[in-house]
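Here's the structure, in structure tokens; my notes come after.
Should a chain be cited, it is by its letter among A, B, C and D, assigned in written order, with residues numbered from 1 in that chain.
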Amino acid sequence: MKIAFLGLGPMGAPMALRLLDAGHELCVWNRSQDKTAPLAARGARVAATPKATAEGAELVITSVANDSAVRAVTFGPNGLADGLGRGAIHVSTSTISVALARELDAAHRERGQAFVSATVLGRPPAAAAGKLYVMAAGQPTALATVKPVLERIGQRIFEVGEQPWQSNLVKLCANFMIFSTIEQFAEVFALSEKAGIAPATLFEVLSNSFCSAPVHLNYGKMILEGEFSPPGGAMQLGAKDNALILQAGEAFGAPLPMASLLRDRFTASVARGEGELDFCALSNRARDDAGLAPKR
Amino acid sequence: MKIAFLGLGPMGAPMALRLLDAGHELCVWNRSQDKTAPLAARGARVAATPKATAEGAELVITSVANDSAVRAVTFGPNGLADGLGRGAIHVSTSTISVALARELDAAHRERGQAFVSATVLGRPPAAAAGKLYVMAAGQPTALATVKPVLERIGQRIFEVGEQPWQSNLVKLCANFMIFSTIEQFAEVFALSEKAGIAPATLFEVLSNSFCSAPVHLNYGKMILEGEFSPPGGAMQLGAKDNALILQAGEAFGAPLPMASLLRDRFTASVARGEGELDFCALSNRARDDAGLAPKR
Amino acid sequence: MKIAFLGLGPMGAPMALRLLDAGHELCVWNRSQDKTAPLAARGARVAATPKATAEGAELVITSVANDSAVRAVTFGPNGLADGLGRGAIHVSTSTISVALARELDAAHRERGQAFVSATVLGRPPAAAAGKLYVMAAGQPTALATVKPVLERIGQRIFEVGEQPWQSNLVKLCANFMIFSTIEQFAEVFALSEKAGIAPATLFEVLSNSFCSAPVHLNYGKMILEGEFSPPGGAMQLGAKDNALILQAGEAFGAPLPMASLLRDRFTASVARGEGELDFCALSNRARDDAGLAPKR
Amino acid sequence: MKIAFLGLGPMGAPMALRLLDAGHELCVWNRSQDKTAPLAARGARVAATPKATAEGAELVITSVANDSAVRAVTFGPNGLADGLGRGAIHVSTSTISVALARELDAAHRERGQAFVSATVLGRPPAAAAGKLYVMAAGQPTALATVKPVLERIGQRIFEVGEQPWQSNLVKLCANFMIFSTIEQFAEVFALSEKAGIAPATLFEVLSNSFCSAPVHLNYGKMILEGEFSPPGGAMQLGAKDNALILQAGEAFGAPLPMASLLRDRFTASVARGEGELDFCALSNRARDDAGLAPKR
């Protein structure tokens, strides 16, 4: 399949590689061109602009940072929308707002194209191993077309709805589960530390009994270890995602008091100089409250 | 071993049965005597008071509802403290306050006895199958004595400290993980329902990817099903446990904003006439906030 | 003075009238032109567009609903920015975001004009009586020029800084005081009602002792009376203002947990069908929580 | 009138003095006897125990710190209950729990005595000047008897109900208004400071416009000045009172999310080593969150 791939960051690059390895014909683009070299070395064509990349593609996949990046590569000057042909499909894997997902859907429909939102769960190593979880939403025919492609990058493809933005809402909910699990651990670890029980002991009990999911194991361990730099997931990115779910909550009429608490935690983390750390450093706020020194 | 067993409720009865089946010599007591019949039928001796039950026992295990019940069977008229001999051990499996655990420890020491707190994780079927998780804390020698007994009721025994109350704090933290996980699901399910995405779809994604722990599977499913009566875990019991962790947080100097939110949720649940439901009905509060009808 | 006045709503119309009565030469504009009639009858000139209104004015005062309205009358097609001459001053009385105030300041400077933010406290009757409180911020020379004009509409002019946006931040803080005072009363009134003490009795004590400020008297009374329709202050407007202070809190690095709570209250109020009521209906949320019927 | 007065702390001493000056026959007692000297010098009789003080009194007034102190002077060994005659009245001015007020009422009724709760608003200088606000609750005949006495210490007597505990609930609500007003100011002052606007400027605007009540002027000024030691109102006392309103909220079925937030603030204040400061130091928590240094 002729696939355009835009955005070769820590998630995009391994995804693109897997598609290349699967025999797809890839044309790639990245904002800073040096990131394209490893793909080119494996046979990908490199284009100078999103528009040029998209020209002639059956499928264009975007893996860029946020709403404004998706907007820029899609609708900006030399954006993919200007290059993509009728009948082609745009698959966005980014964590973007519900509002932008709706807008993209409408814009592509108008051009006789389809838009599929295929957000993913997992960090870069999972992307490299094709072990992501993919939450795909869009028109059934478009979904059917892209599914075999998505199966190269995901261990499981969940079809979550016919409206592309539904994928984005599910992704925001998933991220909320992560942030609020961090807060759960942060609170009990601060309490147990103040009570003279090693947080690691508490974690051993929880993680070996009924709190044994990846979300517990990954984030609980990171909080215990307290090495928040360099960040795996950036604080600012977390703050943005949390803001997006609050926005969705407001739009759909569902208050989210835990997300409100997290908003205060994110704002405090940045205000207290931890904006460059991993978002697991949110756990330092419960430490502050308890009079414990923050971890770095 | 000569074991006195006090409290034959949904958790106590199956635990006592397992000890009987393992060949221990049991003397049992329960507030309402009819509950003792199945044990008696299997060979247990039945005593009329906690004191009489404890007389001559090497080990007395209590499995009663709360602080005031533990206090009554231990220190009340004809309480176990009056019957238990020097050198014997009191093992409390109840979810009680840190303060009471300290008090019990001191009182038993004074009498030349030992106190072990061995709180458990799991519901009645796990108790019947010997699949509980046991969090034991107390003096090493006492722990060593009771461990073989505990191994009959638990699939794993975590030794969490030398101070008995440490078991109780860990248990309160575990319960907090449950309540706050209910709130997590409550918020995202209300949001997704308002957005026209079936909460079951969202749950399928989460529970099949990174939120796959028993705490997710059990409570997520109960919330989705929305059958909160008769209660597996009573709302009032949950409210009490949540109050105990807040109390511990205050005593040890660790604010717990999520537990504070849960406190408001528990109070509202009772105020809104749901005090007799399972504590999973806490999830109705996020539904209220979103303008959705509560589930029963 | 030659003054252009844009926006003749419940606040703008009485302000404009007072300036007219004070002998200023007014040219007015309103989105729906019928609102201009009373002003025209008193001698004001009526213009067809913001641009036309602003032409030749020494001062242009805007009193419109929100960020997007200010943006439209200023920078939109036929906006005031196209008509206002060099050396003229734009005075914005609207409750807008800090970000837009910064932007307006920069845009006017670039055109050789000055921008003053002069937000106000008080409802329409205070505007008609010249009894508003005015919080003015901007360059000292521009402030000095507009001060005599502002003194016609305000009983007191507070100069809060040299940066126009500082007026907007102070205004957002003032509104936060209102919303959070509503929540204070909502909580204690719900509690006292549940306890069988008439909220009016509690209010009598508080308002006649140490909670006797206008913010207490006005909003306490409105909550007690429970007549939230037609709205004096619209729920949606309140929600917007509360969102703006949270935005400012994020931008400047100050978490505002009470504003986060209010955000959830606003979202729930809209979700529960009270979006068209006065924002005092926020007080219904504490009633919901306590199992009391909402007031209308 | 023959009045027994128990508790000569910063509030009790000036109240007792005013009653003495009004010609009442006083018998006084205080835990540390040195505090009785000034009263004795003005003609009061000094007794050795609460019981001895109460003997022969028509009225016994207690002004002691908290639930346990009231309980001790009333029901403890040599407590007032043992000395007070039938037909006498116990007037409690302390901020105690609703539960204890109920208990006192029942106990005194049983003894053929009456119980009036007469909590007060105001700090020591107001007590010395007879300018307190008194919230009295109890049986009408008992109230009628004590009212002339209360009028010597209060500028206004509010009769808030026939159940003594209603006075205590109103008092707890009043204290909640204070604590939550501190939090209001704490949040906007932290925000304005981060934004480069002097909190004093913001306070000038608010306190000279619509936030001009004593609760604003007193606490706003104390927060701005930031001198929290020695405490006017002790942090621990504030924490206790806030806990009591949460308790009442739970008992009567009214969640109080602002009081829950304050609970976290109080706990954090103690945890961060500010337990000995004035409870206005609660305002330091919003400073922490914003990355500002706490005030002392």
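The rule we apply is simple: a residue touches a chain if its C-beta (ideal position, glycine included) is under 8 Å from a C-beta of that chain, and two chains touch if they have at least 3 such contacts.
Source: prediction; values computed, not measured.
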Other chains in touch with both chain B and chain D: A, C
Field: Most distant chain from chain D, judged by the mean position of its C-alpha atoms
entry: A
Field: chain A-chain D separation of Cα centroids, rounded to whole Å
entry: 53
Rounded Å distance, chain A centre to chain C centre (Cα mean): 39
Message: Can you list every residue of chain C that touches 2 or more other chains, as numbers and ranges?
response: 194, 249, 253-257, 261, 264, 267-268, 271, 289-291
Field: chain C partner contacts - residues on chain D that touch it in the complex
entry: 98, 121, 133, 135, 156, 158, 160-161, 163, 166, 169-170, 173-174, 176-178, 180-181, 183-184, 187-188, 190-192, 194-197, 201-202, 204-206, 208-216, 218, 245, 248-249, 252-259, 261, 286, 289-291
Statement: Listed in rising order, chain A residues that touch chain D in their complex are 194, 264, 267-268, 271-273, 288-291
Field: For the chain C and chain A complex, residues of the former touching the latter
entry: 246, 249-250, 253-257, 260-261, 263-265, 267-268, 270-271
